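Pasting a structure below so you can have a look.
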Amino acid sequence: MSARVQTAPFDLAAELAGFGAGAGAIVTFTGVVRDDTGAMAALEIEHYPGMTERALSDYGSEAAIRFALTDWRIVHRHGRLAVGEPIMMVATAARHRHAAFQAADYLMDWLKSRAPFWKREIGHDGAAAWVDAKASDEDALARW
Amino acid sequence: MSARVQTAPFDLAAELAGFGAGAGAIVTFTGVVRDDTGAMAALEIEHYPGMTERALSDYGSEAAIRFALTDWRIVHRHGRLAVGEPIMMVATAARHRHAAFQAADYLMDWLKSRAPFWKREIGHDGAAAWVDAKASDEDALARW
Amino acid sequence: MTLDVLYFAWLRERIGQPRERIETDAATVRDLIADLAARDDWHAAAFADLAAVRCAVDQQLADLDAPLAGAREVAFFPPMTGG
Amino acid sequence: MTLDVLYFAWLRERIGQPRERIETDAATVRDLIADLAARDDWHAAAFADLAAVRCAVDQQLADLDAPLAGAREVAFFPPMTGG
């Protein structure tokens, strides 16, 4: 039951060591820097130190209650990330699979639209452009 | 894009090495032997050699088309498994998170009710009892 | 026609063997079950409740009215409990 | 009242600084925005489209009509893009 913000890469295997003991179902989500156009060199992620840790911890705790999780973990990176690098992960553990799936899906919807991170795409030519929030992410959050 | 059936444990980290290159979203599900009553010593899983591999491969391929997956993997164990041991895993990779989540959820529903495995609980006292299929698993499959 | 018939889980236990090779003229899975159930008490017990029996023809899930023409392997088992 | 005001992402860029300490009598976030927007062209530009501005009061997400009584830190930023 923990949330972390860091610049360093994380190792999914290390995060899952001892995670969810006693659970029947463990779900993980890993977000990876994707380059759809071939023009992107890196992603830069800005965050709000202090508030970020608090928000991730709050969302994790809410999910734990709502879906009766036996364990959860959120790790989110900030700073400059190259294409192909992992951005963040969520892991959820529950007795049954549907709770674990739903909790991970729920947490992702919250993190996308309500965690204080801002992404900027850096092109091979050095140009930087802030990533716009997506209406589809707001819609996803409204499901809950 | 592969399915495997084995008695040996699997290592999630090793399974994910190189998995889903180019994807933006990777979801994993791991099922773990759970003991709700404190009476269970192990789970024994029987399967249908030949058909199992074919069924897992078919379901993975169907999910790949339906959810536009860029990669998928299914590993399912059989034989005798102690409480706390991983039973099986599914990993899905897609451009966006909803496809990866849905595909993993879909595959789990298929595996639960349509993959030729049969579980038997072995008690500390040596008593063995076949696990009944759950109506809720059939209902889950009907969602798709 | 010669068929390999396979049994899994409690069907295997009730029948007392994991597989048998039989000669049959059954046109469908349901006909085959009638043939098998008539063999002895063990087979009859295994097929007493067809609602609890699932089957595969040549390793593909099939329903009880599936035809057997050309089939080589038929398997009977309880509802699956994978995952 | 003394407030620390923080800016992130393109609001930070438009205003030209990540934070400032100000004196204000603003009763709500919306009043504070009016105060800030009146300071100079950079602030005015940052707050030109309030539909694109989100805020947090003392590190909790808040809407523009949230009261500021007792607040110590207010942050302004565009819609979040985490995950």
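Every chain is named by a letter (A, B, C and D) in the order it is written, and numbering of its residues begins at 1.
One rule holds in what follows: contacts are C-beta pairs under 8 Å (C-beta built on N, C-alpha and C of every residue); 3 or more make two chains touch, one makes a residue touch a chain.
Here the structure is a predicted model, which is why all the values come from computation and not from measurement.
Greatest Cα centroid separation from chain B: this falls to D. Work out the mean CA point of chain B and of chain C, and you get 26 Å between them. Inter-chain spacing, taken between the CA centroids of chain A and chain C, is 48 Å. Chain C and chain D have Cα centroids separated by 72 Å.
In chain B, the residues that reach two or more other chains under the touch definition are 31, 97, 108.
Residue positions of chain C touching 2 or more other chains: 83.
Each chain pair that touches appears in this list: A-B, A-D, B-C.
Against chain B, the residues of chain A that register as touching in their complex are 11-13, 16, 20-34, 36, 84, 95, 97-98, 100-101, 104-105, 108, 140. Interface of chain A with chain D (complex): residues 31, 46, 48, 50-51, 54-55, 76, 87-88, 108, 111-120, 130-133.
Looking at the complex, you find that chain C touches chain B at residues 6, 8-10, 56, 59-61, 75, 77-83.
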